[in-house]
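Consider the two complexes below, in which chain A is the common component and chain B and chain C are the respective partners.
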Partner chain A sequence: MSTNANTGPAPVLPPPRFSRGAVGWARDNLFSSWYNGMLTAVSGALIVAGLWWGLKWVLVDADWTVISTLGGFLAIGEYNTEKACEGQNCFWRPQVSLMLVMVLAGMAWGIARGGTARNIAILAAAALAAFAFLPYSFERMGMDVRLLMAANIPAVGVGWALGRHTRLGTVRGVAFSGVGVFVIILVLLRGLPGIPGLEPVSVIYWGGMMLNLLLAVAGIVLSLPIGIALALGRRSHLPVVKALCVAFIEVFRGVPLITLLFMSSVLVPLAFPEDFPLNRLFRAGIIITLFSAAYMAENVRGGLQALHPGQAEAGRALGLPSWQTMTFISLPQAIRNVIPAIVGQFISLFKDTTLVTIIGMLDILEFGRSFIQSYVLEGEVVYLENQKELLIFIALSFWVFTYGMSYVSRKVERHLGVGER
Partner chain B sequence: MTTGESKNGVEDIIICRDVHKWYGEFHALRGVTTTIKKGQVVVVFGPSGSGKSTFIRTINRLEEHQRGQIIVDGIEMTNDVRNIDAIRRDVGMVFQSFNLFPHLSVMRNITLAPTKVRKLPSAEAEKIAMELLERVGIPDQAYKYPKELSGGQQQRVAIARALAMQPNIMLFDEPTSALDPEMIKEVLDVMKELAESGMTMIVVSHEMGFAREVANRMMMFDEGVIVEEGTPDQIFNDPQNDRTKLFLSQIL
Partner chain C sequence: MQNLITSRLNRLTYKGIPVWRHAQVIQWTVQIVSGVVVVALVAWFFTNIGNAISDRDIPFGFSFLSREYQTPIGQHFLPYESSDSFLYALVVGITNTIFVSVIGVILATALGIFVGISRLSGNWLVSKIALVYIEFFRNVPLLVQLFFWFYIVLALPTVRESYSLGNIIYLNNAGLYIPMVTGNGVAQGFIWMGSAVAAIVVGVLVHKTRARREEQTGSASYPVASGAGAAVVVGLAGWFIITAINGGFPLTITTPEAQGTFGRFLRGDGFELSGGLMALLIGLVMYTAAFIAEIVRAGIQSVGKGQTEASRSLGLSALGTIREVTFPQALRVIVPPTISQYLNLTKNSSLAAAIGYTDLTNVAKTMTQTAPALSIFVLIMAAYLAMSLTYSLIGNIYNRRISF
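Up next is the complex of A and B:
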């Protein structure tokens, strides 16, 4: 007989606790051996030096007046200039568009269970409202502009109430509202001939971050469903469908986006009737969407291939027709598994919108750069020395949006992780 | 629900005549001929690679047979998608690896097919699902996700999911092979209850205790054909075929 035999049930003990204070933590994590200690010291010195020089430059040496001089141009480009918007004031159209987006954000908050939508809606509205208090003269930034900026806060509140207390308060309701808002924004920005106050503004003058965001949103919303369709087509048993999808994907993945954009003025009109009113914004949007859809298709296909074949078999064995097996069983799992790759593609698409520069559109980057080279005051090009400040500001603007996307993606992943394999 | 009354009033609920199946060059089924009657419980066994799983997977067209004839509940299995869908609605299947849908709750796993295929209102589908979960002994797990359940519980959910389509025939493809030993019994008990209720069942399994107790018939597969069939009594006590004798001596 073993002497270890225990008669009663084994006692349940609490796990051992190690609490050794800050010194103990530092010894374990920073100075566990002499070379780790050296690495810690060297990288610590680099961080301190970087912070010192960085902060000194940001706070003392840098001349940020280039940003304040550019001001609203970075946001909307030449949209509200005299040549774009002859004899009228057009600033309110992008601003109302922004408010509509905030209403949507509020609706998302209204229906969401988690706090992510709330955090984003409140943070965005507060940041936008803060612009109302910029220390510009009232001549430069009028009371009307400031009031519309501040109105983003009540806009979120209206959206929240719509989401919480009306029949729009479902995921489907918000999605349809989103599509509706996007169309309204396009009409609002483009204008309607003959309606006072809504005189058309040519898309040539749409610019700044507004242009990047419009292209990115359209591309993101359209490229996912197109990509899914292409992925399914590539897996199809019908040889013609399959060949078409493979050809499309390989061509659009195999050619640089810049080349495709150059070709857009030649290629895109081929797909439309001769007198179809194609403008370059529309062309660029189509090219960016299709380019991104080709990558999206491969992401989705990867997700489908990673699924255990038993999943689809179980669906078919239950009598679900193959399209329902795909819709309710395979696709939801495949897409959930490749969310990181899909969001990566969204981020990459957003950054790629700066390439529309090459077909003559002034996005935030190009507008800033050309402004620096051409802003003349008293016979002198004043801001030539300030490229650094401008580029850092633009980089930061992009980062705010891309970080927001990856933040939301992490939250969605965690939320969907509930029923993981 | 499972009175064994065939929908189309057919007594011979599954008829296979000279069924052949190839995977590329490999001849997996080499002429399977058999008839299964309504309410029979058939245990199929045999060495690995003998074609027993392939055989039951041809009965609901998860594998396509390339020669011969399969008639299920009066409907011949052809390339006609309507026939295939009709047969699949009538034949439930339980897999070795459960194949529950991990992104859906237990309840949704069970109600998905009845609401989408049979167009049941979801309240009714949920009522049926709850009854089935009680029948398999886990009504308290209804709103959990599959990964939160033990293997035995998952397999019982899979059985409930198949029963929710109110099939006349149930196929079990090694239902206990992926389970820890202490969970095998809970699944076999559910299957036993199902057999006693009159369900027609084909079970690929090496659970010989279950076969002895529940089966009406046993089929020994080897190299793509049925080499011997008979009652459990005949198979266990008086096997005729040498390969059956050898195989039984190896597993018992």
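Up next is the complex of A and C:
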């Protein structure tokens, strides 16, 4: 029996050393050709120079005191000042609102059982709790404020327990709690006459990042259903309904938001009696919502158009009436397909809330601008000259939220398998 | 009683079906009700405004348009004086908006394509730099960015200590001053522009016919070279003819000039980009380019890998593959969203109101102090709608040409 010991496959040799590990990675990604090598050298030099200059500015040249000086104004505006909230301390109302939001985040973590929801809840609570340790004097930031900040961590825990162990622990439960929390927050911030500790605070004092977030959340919650209704109206076979929807969408999309906001501050008050309870906050909120709804309608319409007509036909063939076909068959698929566009619209709505600055509302950007020359702190005039630092800080604050939104959107897309079916 | 009502109602039929269950009846009721409600709301809104206006003695209508505006406009590209009419001032505002929009669109497209292609670069560092650029500028509100650039511009040296390049370009906190080409007299300027346009048209036509010949016969016809040559020949001919008729050079180059004590003032010749306009252009271009870059990246990635492979196996070069196969297909995906970015840029230019550039919205906002607000809003909404529709129209024509 002639045997050959070498009938098996030859042993697999390791790849050459220069194509493995860090060296191999650099060869493939940075120096694959002379041209790429040059690009790497140039952009590397740019990065080093930029980092050197940027870090030097951030650590040495920049004067960040402006941010600690303005402090709470950037967060909640003039809400806790004497003129807004006479003879009482109102700081706890925004803070409790924040804790309620954290409870919601905890509930989301509870029903998602980990993953992105957990990371976001823990990160947000930890970041907020860190504010309790800001190096302010106790006169400027009292123990009560710090304790309420630190209480965000147990708030997430409570939310998690609610989501995990009670009947609220369903997606629907969290959605309803979300709406409930939003209403509670509005009542809490506005106050109720006659209840001690909840004296009314006029909405003209709502400001800072709180104002941007409130406008954005209200806009997001309302613009999606209005947008869906407009999209359905635009696809309707009824000529009058269709014409009205097309006119609304095209007018709101064709004109800059700023023009509409000017109109809301100049023209709309003329249409109502002097004492009509429609202040500029609501006017701005309504305009931003309608503007966003017009864009949302076009996104949803795009999703509906991309849907194969066979889906709706199958629904009708199964005997569903047309409104059920739309609600249970067409819309869910259409919206799932345009999630990136919808979230993009949410992000741009959030960014657009800064435009209320131009009609004189005190959002975070207006604080960054109107207090640039001087402002009064505890009876003394403080002069501020470091606008760049303030604007960079505001830019980064927005970036955290908008980037977070697009991150969550990517996760949701992957979860729903968009583009894979 | 209950039965009586039901039986009476059941007798109200249309083509044998009870009225409230007949599809056509329901549809028409819905339409009539919604139409009436909307018309009533709009009428109520405008009647109230009308009443408020007559209460406050603000004249309503468009008669104010011929009155003198009597307010200065900071930067203007058309000649403007305070004694000009409201209507002309609005036209000046519209030109300012169009100027920002056109220059911004050109620069943002160039930067956006550059960043989008860098994002796809095989070079890890280049692609990551592009990613950081896109994620930062897309996610920060434009108004914050505009304020930032405006403060950067304001932090530039004063006029007295301008940065200057060879004493013809000046940069200071009032703006950027660059040389400008002007025709000697309007009529000659037009003749000159006409001959330039003729040169371009002839060049394009020659290029097209040569390219078609090359495509059909396969013999080398050098379309680019012959087109450019024809354009140069026509342009030179025009130049000599105009110079001969005029007996002189038809164009003048004017430069800004430092004047006054210590070179403190800049003479108004040349071309001035005011500080607000500079900040607005930088902000709009950086912001919009980040969006265009993402569109370009998605467009190029949307072309299947097989297309590139097939083209390479047919023997096309790498550059030829991009030019003839990948890019034309990517354009179909790229063009529609890019047009909506152009529209966004045009509309976003109204943020100029915040940094002191006198665009249409800013001029109109100032006008509402001395003229009826309602009429002004009607006019500027019409102007913006017209601009949007023009962009959409141009975009749609181009889109139809490149689609299947």
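Keep this in mind: the second predicted complex is superposed on the first by the 376 of 421 C-alpha atoms of A that agree within 3 Å, B and C clash if a C-alpha of one lies under 4 Å from a C-alpha of the other, contacts with A are read in each partner's own complex, and residues count from 1 in each chain.
Definition applied: a residue touches a chain if its C-beta (ideal position, glycine included) is under 8 Å from a C-beta of that chain, and two chains touch if they have at least 3 such contacts.
What you are looking at is a predicted structure, and each value in this text was computed from that prediction instead of being measured.
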Judging by the criteria at the top, classify the pair chain B and chain C on chain A as clash or fit.
fit
Per-residue touch tally on chain A - higher for chain B or for chain C:
C
I'd like to know which partner A:324 touches here: chain B for first, chain C for second, both or neither.
first
Of the two partner chains, chain B (first) and chain C (second), which one does A:314 touch, if any: first, second, both, or neither?
first
Just checking: does A:12 make contact with chain B only, chain C only, both, or neither of them? Give me first, second, both or neither.
neither
Can A:59 be said to touch chain B (first), chain C (second), both, or neither?
neither
Contacts for A:336 in the overlay, against chain B (first) and chain C (second): which applies, first, second, both or neither?
first
Aligned on chain A, what is the least Cα gap between chain B and chain C? Give it in whole Å.
8
Doubly contacted chain A residues - partners chain C and chain B
none
Quick check: in the complex, which residue numbers of chain B touch chain A?
60, 62, 81, 85, 88-89, 91-93, 95, 97, 99-105, 112-113, 116-117, 145-147, 158, 161-162, 165
Write out the stretch or stretches of chain A touching chain C in their complex.
29-30, 32, 36, 39-40, 43-44, 46-47, 238-241, 244, 250-251, 253-259, 262-263, 266-267, 270-272, 347, 351-352, 354-355, 357-358, 365, 368-369, 387-388, 391-392, 394-395, 398-399, 402-403, 406
Report the residues of chain C in contact with chain A in the complex, numbered from low to high.
27, 30-32, 34-35, 38, 44-46, 48-49, 52-53, 121-126, 129, 135-136, 138-145, 147-148, 151-152, 155, 347-348, 350-351, 353-354, 361, 364-365, 368, 373-374, 377, 380-381, 384-385, 388-389
Give every residue of chain A touching chain B within the complex, in rising order.
308, 310-311, 313-321, 324, 328-329, 332-333, 336, 416, 418-421
